[in-house]
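Structure, as structure tokens:
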Amino acid sequence: MKKIAVFTSGGDAPGMNAHIRAVVRSALSKGIEVTGIIGGYSGMIEGNFMNLGRKETANIIALGGTILKTSRSKEFLQKGGRAAAADKLRAAGIEGIVACGGDGTFHGAHALWDEQKIPIVGTPGTIDNDLYGTDFTIGYDTAINTATQAIDKIRDTADSHGRVFIVEVMGRHAGFIAMDVGVSTGAEFIAVPETVTNLDELYQRILAQGKQQRTIVIVGEGDEVGGANTFAQILKDQYEINAKVTILGHIQRGGSPTVRDRVLASRLGVAAVDALLEGKTDVMAGEINSEISFTELEKTWTKKKPIQDYLINLADVLT
Amino acid sequence: MKKIAVFTSGGDAPGMNAHIRAVVRSALSKGIEVTGIIGGYSGMIEGNFMNLGRKETANIIALGGTILKTSRSKEFLQKGGRAAAADKLRAAGIEGIVACGGDGTFHGAHALWDEQKIPIVGTPGTIDNDLYGTDFTIGYDTAINTATQAIDKIRDTADSHGRVFIVEVMGRHAGFIAMDVGVSTGAEFIAVPETVTNLDELYQRILAQGKQQRTIVIVGEGDEVGGANTFAQILKDQYEINAKVTILGHIQRGGSPTVRDRVLASRLGVAAVDALLEGKTDVMAGEINSEISFTELEKTWTKKKPIQDYLINLADVLT
Amino acid sequence: MKKIAVFTSGGDAPGMNAHIRAVVRSALSKGIEVTGIIGGYSGMIEGNFMNLGRKETANIIALGGTILKTSRSKEFLQKGGRAAAADKLRAAGIEGIVACGGDGTFHGAHALWDEQKIPIVGTPGTIDNDLYGTDFTIGYDTAINTATQAIDKIRDTADSHGRVFIVEVMGRHAGFIAMDVGVSTGAEFIAVPETVTNLDELYQRILAQGKQQRTIVIVGEGDEVGGANTFAQILKDQYEINAKVTILGHIQRGGSPTVRDRVLASRLGVAAVDALLEGKTDVMAGEINSEISFTELEKTWTKKKPIQDYLINLADVLT
Amino acid sequence: MKKIAVFTSGGDAPGMNAHIRAVVRSALSKGIEVTGIIGGYSGMIEGNFMNLGRKETANIIALGGTILKTSRSKEFLQKGGRAAAADKLRAAGIEGIVACGGDGTFHGAHALWDEQKIPIVGTPGTIDNDLYGTDFTIGYDTAINTATQAIDKIRDTADSHGRVFIVEVMGRHAGFIAMDVGVSTGAEFIAVPETVTNLDELYQRILAQGKQQRTIVIVGEGDEVGGANTFAQILKDQYEINAKVTILGHIQRGGSPTVRDRVLASRLGVAAVDALLEGKTDVMAGEINSEISFTELEKTWTKKKPIQDYLINLADVLT
């Protein structure tokens, strides 16, 4: 291979820039040129490319977001869109691709390989941690630290007022963020889609805290009961409790990546380039038990990654 | 005077603990004992008091929230509640009070003095900065820095996606936070209750940014158009623009205070004790142009503190 | 068992408070009382004990340092000191101990078990990560993030001035911190005791950066060449390069723990209590590949934990 | 005027980028082009210029350091160097200059005006706050917050160990940083060049803290006794006290600017452009009591700005 491309797609995640940097530096060290595709699959179809060298990737390791931008493309969902993209890639001499994103990104990558036979290796770039085939995704560690620091601030107020606060964290399909953040903030109650949420238990917990004591409730946005506003409404209607609501929202996506995310992003960048050179394709490079591991793209979204048992137990014992 | 009391009331604000520490240390250095009233006016009525010495106030200067807790008391709004509180204060030998909070706190303090003639000096403790008689309130500097850091993170995502983000910051009656935060984050549009919000201008601004460029809109919660969700709805209905909404909420109240807030809180603590000793009462201790200044409590809420002209001009020139 | 004790010893590490909280809550949930020993082995000899309940451990999960304080005790190095300590422990009805610290702590714990047969389980509490038997120690993740954030700030200045900066990080006997921090900050050169430091290579690297480009050098304090000041002296004497030196020092020990540290500290707290109940003693509870693992105390300091190969490779490819 | 230039010089300071952005946007809004001089006076002599538009200054408001880099130039200290610089400026059509830096920068600016009659307005960009003619300099607020946050971390360890910690902060000629940081961290002792440092008093203070209590000593690097290492040596030699030393160093210069620094930097950027247009030269634009104020460059370094009395009093009463 003489030239590969890298792009980021779907929701942005802290560490994507560290990942791009690693792909570029690793490829250059092997004599391979790197093209950056700007704006994900849309940019691929439009041929919105840029050359990436050491200079373009200097001083980006600590930056949140992605210098290659990201987007969601309806056109690429069509076979014609993918064919158009492949034409642009071939015209630019691109022989392999590193695709950093979540399950939407991998659906596209899988189809591109399937139909167009352009080698493509995925890397898990999403704050949600909901991809099978890797212990952690790039951006997850930063997101849970950002959320925890925000909730530490809310606890100041909750303690001062002795009230019930309901905080909604991201995670549309999985409760990883809510569970880790709930344990790390010492929340009194954690609601995640993976376990049944018992509102009577929540009510008992609030009572147990006693008058003038705070109760912090962490709700993963995908919980079957609903989001934080739904919780507040139920608490008011059924239990006559006035709770305050905070939806952390997009602050969880941004910010300078943590060490874990920078190192993971860097390591997976090197691994993805190596994989392309070894002829691998249609797989995601992940990290399991500190070892690099490759998983067929299709399995990353068809197989379910469960929340670690020990976290669920910790939440039970310690909250 | 041999004994004074201090309490915090209304919404908590970063720096309240530094303030309590300063009141205690300053009083002790003058041979005066200090009683802490727990839970604001409710605690005053209940006689929920604690002794505050050097030990109780060690290592609190950096803590958010308030170790004396805070609350809103309906009972104290009644003359009978205030009489009951005064009885408790007198029984405990309290000869003067430092009341840290916002305009609700000061209404109560004014009535207490008026009816019960217990000397009381207010100090401005609120993140909103909406009190006449001081350039800045305790907690404001921390709140705008917290909000700015949060929006810096959102900008990572906004840039990566090239989208419109509407961020709502606190300030029910005043746009100080929104204006300072808007200027400091380089927002493209700032909506505050003090100026007329022109939605067509916002629309033009979004167009001017061009395709795939982010637009960040800062909305003060008291803006006459409504909150961030209202803005998003209007943008969708009238201009067919899909904007993302984040309501920063209670994270703005918490966190370790900035240097400015710790120093201001400390200085006003010392000033309030001095004022009580000099026989002052029914006034708020504030800081204007770096000098300590006293303002009748009633004026702190009847007079309007305007947003600084230069900030409004900066927003015009630089956004 | 009806009563156990917990203490922290050696250098303090972020997460120790989360650990204490978990030991207490876990024990209480099993009907066991918990005594806190204040000031490590010195406090043990003096019988400086306190009862630890839910209240004493509320709101400490996010705090740096250790509420039980820590110290280094010469007396405990003597058999007589350990006998005196054991007497105090027995008199207080303590039937098992959780000892959180580093290798010095474990030496003492091992001797205490050996001579006095009081069951004791160690937990790895040190920012240095240099204990065999656990992938990570409590405090390490916070320390590397604190160091990385500090170096991100130094990079601002290094870039602005285009100069050589030498930053010394902690790690007297091991280069874990230096290696992780070097990779995560994108440093141009990393010196650790585990690998041979080649100063000519450093010189070439500085030259390769070119005029007016910054070079950041991370030096682990245990490097065989010496600390940052030695590096600077050699660069000046042998290569006529003026470098700036920063020794990060004790800021690396403090601060609110990261999510990883809070969760690890919590998990190991629960595991240590379980281990005591199962009759385990003279072992350290650690985490290897996400599983709880027990290692004889003696092995934790006699066996050497190597820096992960992939980190060394990443440093080679990416710096 | 049709074209002006802006540059940064001396030590970098957080907020310099926000300042550059404001100069550019303000000038553009008045139809004036802006040239950026790269690398301070060296770049001026070399004609190292770049055009600065909206695009070049987008997304830099939150960045530490300076995109225009900075340096110290020996050549510019000579009349010949300044003449060469003036030639380059005239050749590029530059009719006025904004010079952001400290007293070294202003010496150069004054000489350039004096000899070459190119209009030049200075702006105070230094973390040291030691310029007469402005209440605060750009970068100062960020530096004191960075130092305070670092010392908050050190306090975790100091409390856990009950030891004496000596922390040296920047400020070669003035004690502003030390004084503000000392008050805001609740330090037990503060040493600044502006007041006589009494080591016996320090010793008494350490004794008063009692056994196993921490003592934090803040030393401004310009103190007449010497730096933190000198303090530690004296404590050891004369009083047999082992103290730990931390020199905060260059982390104080970097990092994302606080709101105060961003707003001040923006405001002074607009003011400097206005001043050039009004024909002002050989002056510094500063802010005194919230109003823009102009001071002859020469006075900024010949007149001494004292530490505020109230800060010194606060330190006395509260430490």
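Order as written gives the chain letters A, B, C and D; numbering starts at 1 within each chain.
Following the convention adopted for this analysis, a residue touches a chain if its C-beta (ideal position, glycine included) is under 8 Å from a C-beta of that chain, and two chains touch if they have at least 3 such contacts.
All values reported here derive from a predicted model rather than from experimental measurement.
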Same or different for chain A and chain B, where same means more than half of the interface numbers show up on both copies? same
Among all chains, whose Cα centre is located farthest from the one for chain C? B
Counting only Cα atoms for the centres, state how far chain B is from chain C in Å. 39
Expressed in whole Å, how far the mean CA point of chain C lies from that of chain D is 35
Chain B to chain D, mean C-alpha position gap in Å, rounds to 29
Where in chain A do residues touch at least two different other chains? 152, 155, 159
Chain pairs satisfying touch are A-B, A-C, B-D, C-D
Help me check something: in the complex, which residues belonging to chain C touch chain A? 21-22, 25-26, 29, 59, 61-62, 135, 141, 144-145, 148-149, 152, 155, 159, 180-181, 183-186, 256, 258-260, 262-263, 266-267, 270, 289-290, 292, 308, 310-311, 313-314, 317-318
Residues of chain A touching chain B in the complex: 8, 11-12, 14, 39, 63-66, 69-71, 146, 150, 152-157, 159-162, 165, 212, 244-251, 253-255
